[in-house]
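Paired with chain B in one complex and with chain C in the other, chain A is shared by the two complexes that follow.
Showing the complex of A and B:
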């Protein structure tokens, strides 16, 4: 490069320092929690722990991984993520394909699209929503976490717009070869949109893993809580009634602070593991939303 | 002819029907359930046999002393979040755009939207620990500077601003990336021409980069209008406590408490209906403006 004024140089130095500081601001809180979770309870309580474990120990993890309620909630979450994502994706593809058609090819298309779109604009609110789920007999079952949110309308619209961006000739060729709509959807549209589908699948998985409120109010017994709902009661509300007697005895050896840190970190861990993939697909997701015919 | 067309469209209808039924039950069902707002609703009696009370639930809410404070809290917190959530990501995306070293650019972009993907339960747990006045690391650091511990989550004077700052912390990275994506679509020859004309980096930012970002800025500004009554239930619910109800209680948390904790279903539904109706108008206006000003169509 050519010459640089001194004010420009000062700006660049300031800019780098600022942006690196900003990045650390997003990372350090997690590192602090990780350091706490691997520190001794004495060191954590005394406030010696910053960003590196003090008196390294895995006691908190032993304690947490022995808690039956914790393990049960992890199991509920795993079921929820797998079942919920499958249901979400099946319905997303099934809806996006017909709704991406021209009105000429599918006369009811506009009415259907509006029926789905209206749910983004208006909702009944918390209480009627709860009552409908109660009346349909889903309370306290894993399906309460899957069925009411089974149609992710926003993702349907994303995929619908993506489908509309695919060349029409492919579809026409498929029909000329004698394929019907089902075959065309499955053999042409789905294989051509794998990156888009991967993006939406990841977002559906993260959404299911992170949901906590529905579990909290739709499950009567805490053994049916998914992990995030369980963490909400134990870490945020500090409700000790959910902790079994044997765990209470163990709590004497592990500080409340380090065991909470360990649980928070384990709740975040799956997200951290898929983060590299999320990132790779993220930019595509942005582009995906903007594809219009 | 008509039957042939119908036969050809049949598979398309079959594909829509499962999703449509679910949406009718779980989205339109609750809309029909809004009748609860006009009833003294008793679950054992159900929608049809509960007593009708007209606008009694609405009158009851308006006479509650807290209602206006809650409405004010909601709008105050939401509007501060909207403004901060627009200005900060725009500024930061401009700063990232000035970074020449690809490695640093990528590293910064990678880290800043990590919090976006974590739930408010996780982030709430982290913040409660970080901000604790007795053992939290933030107050520890402030202590080194000689500042007395501040109870960020327990004082009305601090709570709303703690909400805004922590919400920006969670979401700014996500919006920043959206703006950066818009920057890549600016034609590089504009910059080349500007350099030939002797424009400084600052002038280039003002006259090329910012105007290039304008469509996406207008779009996100108009769409954020729909959030004026969304102060962020997930966040507030995981961070607030009775000590800060006066400054931090919002419509959504209020509905939750009177509805699902106190079981005053009719009253809670009435408050929820008020929010749904106002939000409906705001969102509709925002989509209309986005369409007119930024040529944005959702489908």
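Showing the complex of A and C:
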């Protein structure tokens, strides 16, 4: 394209400006938090810190790294992400494969798909959810964070559509060569779907890393909180109207913006590092999954 | 099959019989009261009488005499020990300021050991959650527990949750149990505020929970200002509202920070307008307006302060101040922390606040500018009547007892022990209050404190500073004393010591509170019951409407007469029904 019409040029300029503005909107808060975490507490409380640290110090990081609760929750989160992602992926593949078959091959297919799809639209609500988990004895164990969300139906549907997009001939060839369904799934479908699998692996990981509410409700002691649940308890604003009740010394912690910032940043860091490696699959995966032959 | 089932039935029946006889055999001693309280209320009262002298006369003398009795009788005393020990379950809502010594946890610490050793009560935490903010993790987890019926013996709740538990008939009537088992000191402290806290924990005249009593006077509003600026600009101390206006005007327009720029904020203000750091409670009170609380009007009925004409007058003046640039222009988007930034940066020197403001956030202005000096003053008034700061019930929470609990009296005894160890004659605050810089008192399951705790600390510390004799101070007071004297001796250290001097020191904020109390100026919120039905359904939207209208009036986007429309709307949306309910409640209290 050697020549550009002026309207095309205007569009491109506008487009870039818009996209850059949008990404700044996402980036600047992160930079602000990073700057806060490296600033002195006095400067932070006075609102001097914008996008560059004021009175540079690494005190808050020293403080956070010495905090046993923080490190313990990081460990719980790592466990959760690795276990949870494995369980999610295994079940997603195992479910998506049969559901991707034609009605001819799998008579009840449509009903099953609807049954699973309904769980996206309707939930039992908080209390029944809690009671089921309590009565099954999962409360306060790492499995409470993994088993209730073991089948991510949205991911199943993505993968299902991706499977259906693969040429039928491959499956037929595989059957003719004497392979059964297991072999066909593991040796044909899974290797062909790597982009889609990478995408939903990322979904599963990010989902597990970011969720905090189930940790708060299902864990019976703060030692078992995953990182994001722990951060939630740290970051939430304390109610100051009844300050005489708790000790006055607590007030010193209220201005602890810098260590809060350090913890938020450290909480976001691992997932920030994962993104660039998996992101190249991201777009490709979803687009391919949605297009059918 | 049928034969088999019949056999099973027989075995079960026999087993039940054995269990029942065995258990009732144990109940002969002092457990009578406890058992009776599990039954209907009538029987409970009868059993109290039959229990004889243990029951009704719980004077200290009796405690001594009965000490030699057999094990089970001791359990009937306010601080008697269960033998064999019993287990009581509870749940804990903590926050990230809880620090533990090596080996201690929230499940096993100095308080839990004291419960086991001295009362024979083994505590089991069903769950522990960190995050005690309003709407925070603790509240959510408790809501789930209530809704799913998964409740421990002792249930720490907020007023809304207590009302839910009462409505669902899940909690025990503690009236008789409290009467019988509470120690005299417990009764004294829990009623020290004139019975407000106890009444707030009651429903239909029955005590449904133990309140964590606190201090309402500690929340009274006062004026905070930069006294170094006052001196620099040669202004008088704020005795009247005209003085106050002059000070605000000068702090806005006469360049108090001396940088030759007009960049200072007259009055700091947060977006909630009332409460928190830099609320305007004090300003409204100066106009004898009391938004948000219920008080008795001339006709003897309770009215809501938000819709009274005095509030309109205060708002009109605020709009005027805002227009002339004397109130933070951006207050509408600033929470307490954000509103505190301008004083931290040395751009604000006046706010209405509470006694604790030096500890947060004003200590940051001292950090950034060692010459910054803050002083508190009592509220000025617009006329010849003294301004009365509004205060509201200070209950940190309620301890309800599960209707299914086997030992409801244990809840009272745990409270007795806390109060005895913290404020009684055998108190040992070095072990149970602040031990080695750790706030171990927070580990206790049930807390309560006398309303004058901090005021007493101020008086004792000031006295000790004058005489130089700190030997009579309790550990908490000693902590304040050490910090303040270190600051006054100009030793090296953090500015936190300065903040404590500003609160508890000789010219600290408690001087102001002492004046309010001794001149009987505190304006109590006369409604302290559980939220009424209309409050539950309409309260939050009325509050939102109020905040919106007040903000618009102050910022000038609505004329002051919008207030009249607000009063009309407020009444029609639910305010009128609420007022009716509140007055019915008030009649019932008389």
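As a convention for this text, the second predicted complex is superposed on the first by the 244 of 293 C-alpha atoms of A that agree within 3 Å, B and C clash if a C-alpha of one lies under 4 Å from a C-alpha of the other, contacts with A are read in each partner's own complex, and residues count from 1 in each chain.
By our rule, a contact is a pair of C-beta atoms (placed from the backbone, for glycine too) under 8 Å apart; a residue touches a chain by one contact, two chains touch by 3 or more.
Everything quoted here is computed from the prediction, not taken from an experiment.
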Which superposed partner A:48 touches (first chain B, second chain C, both, neither): second
Which superposed partner A:36 touches (first chain B, second chain C, both, neither): first
Per-residue touch tally on chain A - higher for chain B or for chain C: B
Partner chain in contact with A:188 - chain B first, chain C second, else both or neither: neither
First, second, both or neither for A:222, with chain B first and chain C second: second
Which of chain B and chain C A:91 touches, first, second, both or neither: first
Contacts of A:179 with chain B and chain C, given as first, second, both or neither: neither
Which of chain B and chain C A:69 touches, first, second, both or neither: second
Contacts of A:136 with chain B and chain C, given as first, second, both or neither: first
Footprint overlap on chain A, where chain B in one structure and chain C in the other make contact: 45, 47, 126-127, 130-131, 134, 217, 232, 236, 257
Chain B partner contacts - residues on chain A that touch it in the complex: 8, 11-12, 15-16, 18-20, 22-27, 29-30, 32-33, 36, 44-45, 47, 50, 91, 94-95, 97-99, 101, 105-108, 112-113, 115-117, 119-134, 136, 147-151, 153, 156-157, 160-161, 180-182, 185, 206, 209-213, 217, 228, 231-232, 235-236, 257, 260-261, 263-264, 267-268, 271, 275, 278-279, 282-283, 286-287, 292
For the chain B and chain A complex, residues of the former touching the latter: 5, 9, 11-13, 15-16, 18-20, 22-23, 25-34, 36, 43, 47, 92, 95-96, 98-100, 104, 107-108, 110-115, 117-122, 124-130, 135, 137, 140, 169, 173, 177-178, 181, 201, 233-234, 237-238, 252, 255-256, 259-260, 265, 268-269, 272-273, 275-276, 279-280, 283-284, 297-299
Residues of chain C touching chain A in the complex: 94-97, 106-107, 125-131, 133-134, 136-137, 140-141, 144, 147-148, 150, 212, 214-215, 218-219, 275-277, 335-338, 340-342, 344-346, 354, 356, 359-361, 363-365, 367-368, 394, 396, 439, 441-442, 454, 496, 503
Contact set on chain A toward chain C in their complex: 41-43, 45-48, 69, 126-127, 130-131, 134, 140, 216-217, 219-222, 225, 229-230, 232-234, 236-255, 257
